[in-house]
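Here chain A shows up in two complexes: once beside chain B, once beside chain C.
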Partner chain A sequence: MSDSLTYAYYPGCSGTGTSMEYDMSTRAVCEKLGIRLTDIPDWSCCGSTPAHTVDHSLSSALSARNLQLVEKMDLDTAVTPCPSCLTNLKSAEHRMKKDEMREKVNKLLDNPYNGGVSTKSVLQILVEDLGLKALKESTIKPLKGLKVAAYYGCIMNRPPEVMNFDDPEHPMAMDNILKAMGATVLPYPLKVECCGASFGIPRKDVVMRLSGKLLDVADDIGVDALVTACPLCQMNLDLRQTQINSATGAKHNIPIFYYTQLMGIALGMNEKEMGMDKLCVSPRKVLDAIGKEEKK
Partner chain B sequence: MKIGVFVCHCGTNIEGTVDTAAVAEAAREFPGVVFATDTMYACSEPGQDGIIEAIKEHKLDGVVVASCTPRMHEPTFRKTLERAGLNRYLFEMANIREHVSWIGKDREANTNKSVDLVRMAAAKLINNKPLNAKFFDMNKKVMIVGGGVAGIQAALDCADGGLDVILVEKTSSIGGKMAKLDKTFPTVDCSSCVLGPRMVDVAQHPNITLHAYSEIEEVNGYVGNFEVKIKKKASYVNWDLCTGCGICMEKCPSKKADNPFDEYLGKAPAINIPFPQAIPKKAVIDPDFCIKIKRDKCGVCAKVCPSEAIDYTQQDEFITEEVGAVVAATGYDLFDWTVYGEYGGGQYPDVITSMQYERMLSASGPSEGHVKRPSDGKEPKNVVFIQCVGSRDKSVDRPYCSGFCCMYTAKQSILTKDHIPDSQSYVFYMDIRAPGKMYDEFTRRAMEEYGAKYIRGRVSMIYPKGDKLIVRGADTLMGDQVEVDADLVVLAVGVEAANGATDLAKKLRISYDNYGFFMEGHPKLKPVETNTAGVFLAGACQGPKDIPASVAQGSAAAAKVLAMFSKDQLESDPAISVVDIKRCIGCGKCISTCPFGAIKEVDFRGMVKAEVIETICQGCGICTSTCPQGAIQLQHFTDNQILAEVNAVCRF
Partner chain C sequence: MGIVNITKTYDADFVKQVEKESGQDLSLCYQCGNCTAGCPYTFAYDIPVSRIMRMVQAGQKDTVLKCKSIWLCATCESCTTRCPNNIDVAHIMDVLRHMARREGYAPVPTVKKFWDSFLDSVENNGRVFEVGLLAAYVAKTGRFWTDLDLGPKVLPKGKMHFKPHEIQGKDEIKKIFKRFQEESRK
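Up next, the complex of A and B:
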């Protein structure tokens, strides 16, 4: 693979904790595909949800610090698997285009950020820089017989003028990746709906309702599993699935994968490497069915 | 030259920020000026009389009026001069309203700038020459392009006024969108009962020649003498023989053709007459679906046609018509809503457009007037209407209001209750725009008598759940989210300029706005004229318009044509370019820059020279700045006149 596939990698806090399997599978898949990810040395938290609700310049400074570190690495693109980190990094970039904001933020930093770094999601570089063709060619164990729906969540592509990737109302990047790797991808009408995000803590009822609806519709269209790209979405749907069932009286039993986990399987890697054992809803049946011809 | 200067107050419009008396005072010192005064309203009757008196009393040869824009009153004052016995081109106007008093508040600076503008006008006037218009003959025939209700009205009014009318329609029948409608607001009377007889009148009127299934290929000439090349598209049916009996449609084995008249609900036979009341009622073969034309098999229609009208080898035909005026009435098209991913982007069969619903409601439509869900044919109970889909939405580049959707949505909610008494309509709206006569009453009736539930807010998403569609939106009056379980969703899609409108505008040399709607000559005072003399507008081609407004404009355009043709000859504007034959070196640069094709090459004693075709030249002056020899000069704006102005303003 060409040299251009080298990026500064920003795992984000959840990648080192609650969504470890996302981080593991992302690193493994990228390595397998010849994408070089170098961790940003001494990276810090992007501020997650709370920071930007409190102060835009402080929250931008948290992200700008990380971007400045990338500048020092002599790399021009930072990638992250987490859409929330992505939003913060990109918003900081966007806000700092205004001189006034740039000055304010740089005053807060030890070393000023000069604005030479662009941020992308791992999803975006897989589709745009590597390409679907390469994915198809690298597939060893096609995801045949697997009926899935891709769930992007509400912030991966929004707001469009900041995120600048795919369609804000009807994204297709994950759909296309999964299709290229042999899965049957069903059209999922709620692919950009909100799962309730961090309301899981103060207002559990909101998450029960919103995530419940996501699972209802997924069951309605008859998926074997949902595929996500966001640690928080995955957690609400997976970890809270039993809570949702008891709150709404539903009987969902839908495994919730990170798309990188399924990619890893298709690339011939083992389940352990993909952190499959870290999922709450057991993916056993679904994983066993992959590649088996449908019996009539 | 003895010049008189009149500085207008325009009430407080000018006087508020310009010391007009001081401007007049200063003007008295300018070369040639023998009289200067300020005046309250120069354009009023006493104002004009004052100018005439001064011309007589001071034996003036020319007049400067410093006032508003020449667009508004130049013709007024030119007439004033003529009434006083002067040539109308010995007049100059200085715009001290739009160019001065309306844009700055500093009275001293404004007064100084006004003085400069008057100085320039006077300096130019000294170099003005009397010019006289020429007269030329015109062809008193009119062409109407587009046979919707606006075009039909214009055609009938012109024909009733005694003119020969040529009506060109691109589809195989006239009637436009109105022919597709079921009932019309605010009277809820049957659309085809109103329109049908008018369409028959067109067919039967001795003065109207109808070219259906035809398009404008090329337009040449100028006001009074246009030459229009028309393409009569191959229909593969000899229309002189076809009686419209429709046997061919019944027997045609290929019944999978697109059905634009029914808005693509259902399919049509490959040979088709779009609807029973079509005018002309003639069959057209869709070559993409005709088995005979595609694969040289079948040929059934030729066998069954009692009049032997079928001709599989027919070709496009070109004819030329000569007319003196053209009315563009090409109407509108509907916004392609499938860009709205949040509404399913065209993937959910039970999300349909307002026009599709209109066809569904129509007794002659694809479901014979029964409201059925496209997915399973069931009768819907909860019908949700969403307004402003592709209107008032910057994100899809449609910031404007489409005008009639509020009204037709109210109509459709009323008709829904009529068709299905136990149904419930929900209307998501932004605000209700119903300003016409009996319009507000009509939308209230929809709510109060027919129980349509109006919810103010945009819909953020539609998604299928089981066999229902969940419509989620905001209720901005309650400040809450709402979700409605719908059986059928009808999108009030917005209005766009007709497909191909800008191409036609270029052929007609008329202007169009950012969105492809044709531009009127003046938004208030010339609503049906264009910037090109002899070309008029009617109906929704100028902007979204409902039927009453389209018809009114059709009549207005006809009145303008009749007024123009009531004269024996047309006057040409003498402020056009003239070639100095001695200086012209025949390089042809002017020919290639003239946007109107007004300059031609002529042979002058064996030498190539340029010559201006007087009737086509619009006086834009592009050629004068192009000509390397200064050989081509725009009368009334010669190099000398413009240089005199420049010298006047740069005199230090």
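Up next, the complex of A and C:
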């Protein structure tokens, strides 16, 4: 593990609020693994979905302000845990390769962005830059006996020509991490299906149906927990699980972890540091079962 | 869906405009239906995405810009990823909502109001202020019961902040929005 594992870190707005356990566990796990994350000073919101539904130059400008701050840090790679931030930062970079778009976007900014910063997810640097071997070797408390499925959400890997990481239909990065750290990872056919995204507030019915299906299938294949990499997916499945149960008549009680939280446990860190108390569906039973004999 | 008489309602400028703004060649769509087959939102759409593609080819501006589907697309990128002719369908859906906004259509008001409240929050604070966003949305829509049941679940977790995270570059963000408004008026 060398100095090369140094990145500009973009926590994203939800990382300071509703997904704070993702941010906490990401920072702690990276530190433990010798990955240096330096916060982008005074980062601002990427605009998320609402910005790109209004205009692409507006959306790109909101992202490019942050990329320009990374340039100033003399770093060439920004990392973020959030797939929505990731897709916005990457799309801005992609779109601004065209001169016309770059000029249009830079007109909106105080300081122009020249291009050349690459953005990756924390998940990507963990598997590509650090590697599964290092993760396996760092594992202190293997996730033995834990049956999980990895749920990536829709945009972590798509569209492939922009995201440029893993497989757009059948990603394996999280599966491989969890396996390397001792968990039993079951094949999950809906790993890139959409959870209903940000429609939880304006069109709850949509989220009830789409996230409901994700939970139904998770129960059908018999997981102890689902593992996510996206703040919005996690929120829809965890915080809204009781709403989904009342809307669909289901009786789900599935803990929804961020993959970094389980990594932290495997690395021997404590539950509090991983923000386990921030989850709505209690992970108590599942966490207690880790390392115990498998159920007969 | 009724019969479309394209000799009467074909709008060539609309077709050209969508092609220009999206950078996509619309004639490449041969209606295989793969986008619709993979779209998780078809159940909520008034026009499925493959049919929107056909209507755009046929220059049916009003029908397309007035439809609900473009406001319910979450940009999950299934359509784009699975198009056998590499058409960036999700990008076209984005461009259609840009146009719909410019023409003043908002057939799913709750979605538009939510997105607007989100962007207002970014414009005012530089970052999204979640509690403020929800309050603004409730005020805009009058839907006071929105997620009231989640309060007792989320509040004790200490994840919601009651004051925005103000950033130093707040004014820079305000200027991005201001310049964008000025540019759009040109």
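Of note:
The criterion applied here is as follows: the second predicted complex is superposed on the first by the 294 of 296 C-alpha atoms of A that agree within 3 Å, B and C clash if a C-alpha of one lies under 4 Å from a C-alpha of the other, contacts with A are read in each partner's own complex, and residues count from 1 in each chain.
The working rule: a residue touches a chain if its C-beta (ideal position, glycine included) is under 8 Å from a C-beta of that chain, and two chains touch if they have at least 3 such contacts.
Just so we're clear, the structure is a prediction, and the values are computed from it rather than from any experiment.
Contacts of A:13 after superposition on the shared chain: chain C is touched, whereas chain B is not.
Once the two complexes are overlaid on the shared chain, A:102 sits clear of chain B and of chain C alike. Of the two partner chains placed around the shared chain by superposition, chain C is the only one that A:61 touches, whereas chain B remains out of contact.
By the touch criterion defined above, A:170 reaches chain B but does not reach chain C.
Of the two partner chains placed by superposition, only chain C is touched by A:110; chain B is not.
Touch criterion met: A:202 reaches chain C, while chain B stays clear of it. Once chain A of one complex is fitted onto chain A of the other, the partner contacts of A:47 are limited to chain C, with no touch recorded for chain B. When chain B and chain C are set side by side, the one touching more residues of chain A is C.
Contacts of A:154 after superposition on the shared chain: chain C is touched, whereas chain B is not. In the superposed model, A:193 makes contact with both chain B and chain C. Within chain A, the residues touched by chain B in the first complex and by chain C in the second are 168-169, 193. Contact residues on chain A toward chain C in their complex (touch as defined above): 13-14, 16-18, 20-21, 42-45, 47-58, 61-62, 65, 104, 107-110, 154-155, 158-160, 168-169, 192-194, 196-203, 205-206, 209-210, 239-240, 242-243, 277-278, 280.
Here chain A touches chain B in the complex through residues 167-170, 187, 189-190, 193, 216-217, 220, going by the rule given at the top.
Taken together, the chain B residues at the contact with chain A in this complex read 340-342, 344-345, 347, 461-466. Residue ranges on chain C touching chain A, taken from their complex, read 40-41, 43-44, 72, 74-78, 80-81, 88, 90, 94, 97-98, 101, 108, 110-111, 113-116, 118-119, 122, 126-128, 130, 134, 137, 146-147, 149-150, 153-154, 157-161, 165, 167-169, 172-173, 175-177, 179-180, 183-184.
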